[in-house]
Amino acid sequence: MKPINEFYVRKIMREKLNEIIFGTTTRAGRNFDLILLLLILISVLIVMFESVQVWRSEYPRFFYFAEWGFTIFFTIEYLVRIAVSPNPLKYIKSTWGIIDLLAILPTYLTPFISGYTSLRAIRALRLLRVFRILKLNRFTSEAQALFHSLRASYYKIMVFFFFVLMIMILTGTMMYVIEGGEHGFDSIPASIYWAIVTTTTVGYGDITPATELGKILSSVMMITGYVIIAVPTGLITVGMARYKDDGKKDNVCDNCGHDNPFGSIYCNQCGEEVLS
Amino acid sequence: MKPINEFYVRKIMREKLNEIIFGTTTRAGRNFDLILLLLILISVLIVMFESVQVWRSEYPRFFYFAEWGFTIFFTIEYLVRIAVSPNPLKYIKSTWGIIDLLAILPTYLTPFISGYTSLRAIRALRLLRVFRILKLNRFTSEAQALFHSLRASYYKIMVFFFFVLMIMILTGTMMYVIEGGEHGFDSIPASIYWAIVTTTTVGYGDITPATELGKILSSVMMITGYVIIAVPTGLITVGMARYKDDGKKDNVCDNCGHDNPFGSIYCNQCGEEVLS
Amino acid sequence: MKPINEFYVRKIMREKLNEIIFGTTTRAGRNFDLILLLLILISVLIVMFESVQVWRSEYPRFFYFAEWGFTIFFTIEYLVRIAVSPNPLKYIKSTWGIIDLLAILPTYLTPFISGYTSLRAIRALRLLRVFRILKLNRFTSEAQALFHSLRASYYKIMVFFFFVLMIMILTGTMMYVIEGGEHGFDSIPASIYWAIVTTTTVGYGDITPATELGKILSSVMMITGYVIIAVPTGLITVGMARYKDDGKKDNVCDNCGHDNPFGSIYCNQCGEEVLS
Amino acid sequence: MKPINEFYVRKIMREKLNEIIFGTTTRAGRNFDLILLLLILISVLIVMFESVQVWRSEYPRFFYFAEWGFTIFFTIEYLVRIAVSPNPLKYIKSTWGIIDLLAILPTYLTPFISGYTSLRAIRALRLLRVFRILKLNRFTSEAQALFHSLRASYYKIMVFFFFVLMIMILTGTMMYVIEGGEHGFDSIPASIYWAIVTTTTVGYGDITPATELGKILSSVMMITGYVIIAVPTGLITVGMARYKDDGKKDNVCDNCGHDNPFGSIYCNQCGEEVLS
């Protein structure tokens, strides 16, 4: 009976591990996710600090060992995920599977490339794994509410952006003509970059109008941008206010058709019981 | 019967072409508009890239042929539009007709002018033709909703701007006096330009106060501008919230046609019961 | 009967002139105000252009005569206002009377002062006379609606500003300590100026943190300011939405006490006529 | 009977003093708080001005005596607070007690440290004592309303910030890779600092993208940030609008105490008629 027993133990072990590693509903699953999250954040912080010249040259050994330590841990985690998954291929091909692989791959490739290259910085993209937190409970519901309320105004915001982009391109071109290709307005794309920096009120000041007419046009643009910036805010605010209203759909009164607010038990127009 | 037949065929062809070129409701009409849109965007992109010194000198032949190719295509399209239109003169004189002409004219004039002049950049204004997209269905309704909701707060925003402009001119003048015509505050118009850059929170930093008093006045101005910027946002948000309420057509009175607010049981204009 | 008649004619003339100059309800009164407005704007524009060094030295005669022309016209207008007013002293002491006097005084004082002094720029303050437009009809009602809606949130905005100012002073001081009085953070007032420039998202870039810790603190501050900037917007938006609601007070139904929306003739809850 | 009498007088005096110093409801208590507030503000202003090099070296004696004067006054106030408090230890250990101590401590430590050190600037933190104003009546209720309305959207804003921070870190890293560690993007932390400065639309301009790709990515980021900045505004506005709705107590059901939404005729929890 030993082989059967062994097989049985293995199956239970795999299921248990699967629950811990992939699950989010059990206590163990949640704890595993939180610890993993912490390790990812620490490893990303180390990548960040390694990018600072001074620290890189001062503690080369620390960064070397820390990086390999984390990579080996994440590799083991990745392999266990494959082993434990009921459908390993599906996991490997999934978005999360690819992100998990990308989080460890750069370190294995660095020995073949010299210097502190961009490849090394790319390791910071393992931060994407942090979004796994979205699977955790309370976080999800709040994030969903946020996204749903934005989805309502999605199309309107797109139309708005189409206009804003067209205006930015047109004003950018006009500024290029006005400033005569000088004072940083060297080309139309550069002028459009300036228009974006200005209309979004970022205003670096790396390119600023130097001619009288240029200053007048930018002034008009800024004051217009002043109102324009209010449009997405209005759209999103109304969308959010609406979302909560629309969320009530289950409270429409069967008797008088009144759309009662969320949580209603009796219709506030006719007093009928609302079946929710 | 041949001439009659030919005339008949021509009429049908013209009507068919008219439907494709000017129409937006048929499948062919929509596809033509989308392809045209794409060609306009590509031709504008080429104008943009041509304005970049490096690319202009590296691929002069590419830009030369691309530009003439697009211009000839748009010229043919312009002529077909005239031929096909039931009232050619009306089309030529219409805003769209003028924009269509302006989109091809600069290229024909360039041979007479040397260098990469502003005339060439002006070709980018053919981007205006893109707004023809507004005739497409879904886009229109969303854009209309957006504009209608803004129209409600139009007059209030104008009054608000009058105040803001007056305040900008007055603070600009005060800063000119305070900074004594130095540190970039060379004239009152320059100081007003600074006031606009500051109040709209763009803040280039090309002109900044240097005196103590100037810094105090700008601080007061920034904090005030902080609240001021909230006013158009409030106006537009409330305007949008209102507009959508009106869009809820379920409360239109059958008796007098009045659009009652959400939750009405009796029409507030004629007292009839509103069937919602 | 001559003296009596003359007295009578004078009285009528004075009343007529009073109506034209001070009134805003008659056609003549409105036209006078609009022409005056235009003249004020032109005279302010001339003061502005005179402040530009190049123009001042190129057209000295134009500016000289234009300025005296406007000043003499405004002086006559001022004297007529006094003559025509039923209570001259009251007008002279009123805010508008003082503004009207200040609009002409600087020009009379300039001969005694040499160079293009600040006194000359102060003439631009005659722009304040433009606010007389507030007496015009449509403008007033919109401006009143705007102000009333802001008044509701006035006290809350003040409380909010108290907090923001305290936070600005505290972060400014902290930055002064962190940056060690260098990199533009030369004193606590300078650091507070920086904090205001940063929190309001103006961001000139004339003072920027140079130390690591300074950059971290400013980052935290910017992200916080990101949310903080939303508070006055929220307050004002809600205030405006409320104002319109409160503006309806005249539409409360006598029968059921329901607060009907503006413009209601019949209560939308019980069908009773609303006495508005 | 003398000792008893003395004890009795002392007790009354202590209670009276306690009421004045700690209380906010009596006239004397409110006046004491307001005077204290003024003294704190003046002493903070003096610390600020002392930090200005010019003034420090010009009026060293004034700053020396003013500082010691205020410190001695605040020390006496601190000791009286301990003496008068019914539970001195509790007061000393409380947040206010610690802030009160920190407000006087730095001055006593300065003699042991030379120069105008950061320790001296820290005295400005006595500004924290100003928040004692929160205990005053009208101020409290407005501040509470403000905080309560923000609390509703607190968790959503946190979720939003998590996303924004992740996006800032990821774009910062990408910019570091794109700009190749040059043009101010020297390290990942520096690039993240740039991302925060840009997304919050502060835009100092101390670090700006120099490569084509960098400019394109920043443009995308700015336009995205344009919408992102609208999210907290929307959350807070909706939160505030909700909060006030709840403040409308006129729709509370007499039967079950449920707070019904505006316009309710029947309680939506128990079906009773709501008398409004």
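A, B, C and D label the chains in the order they appear, each numbered from 1.
By definition in this document, contacts are C-beta pairs under 8 Å (C-beta built on N, C-alpha and C of every residue); 3 or more make two chains touch, one makes a residue touch a chain.
Note that the coordinates shown come from a computational prediction; the quantities given were computed from them, not determined experimentally.
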Partner chains that subunit B and subunit C have in common: A, D
Same-residue or different-residue interface between subunit A and subunit D, half as cut-off: different
From the options A-C, B-D or A-B, the pair that copies B-C, where over half of the contact pairs coincide: A-B
Whole-Å gap between the CA centroids of subunit C and subunit D: 31
Inter-chain centre distance, subunit A versus subunit C - centres from mean C-alpha coordinates, in Å: 43
Residue list for subunit B, restricted to those that touch at least two other chains: 189, 192, 201-205, 229, 233, 235, 237, 241, 263, 265
Residue ranges of subunit C touching subunit A (in the complex, touch as defined): 201-205, 233, 237
Complex interface listing, subunit C residues touching subunit D: 155-156, 159-160, 162-163, 166, 169-170, 173, 176-177, 180-181, 186-189, 192, 198, 201-205, 208, 212, 215, 218-219, 222-223, 225-227, 229-231, 233-235, 237-238, 241-242, 257-258, 269
Of subunit D, residues touching subunit C in the complex: 44, 47-49, 51-53, 116, 118, 121-122, 124-125, 127-128, 130-131, 133, 138-139, 142-143, 145-146, 149-150, 157, 161, 164-165, 189-190, 192-193, 196-197, 200-206, 229, 232-233, 235-237, 239-241, 244, 263, 265, 276
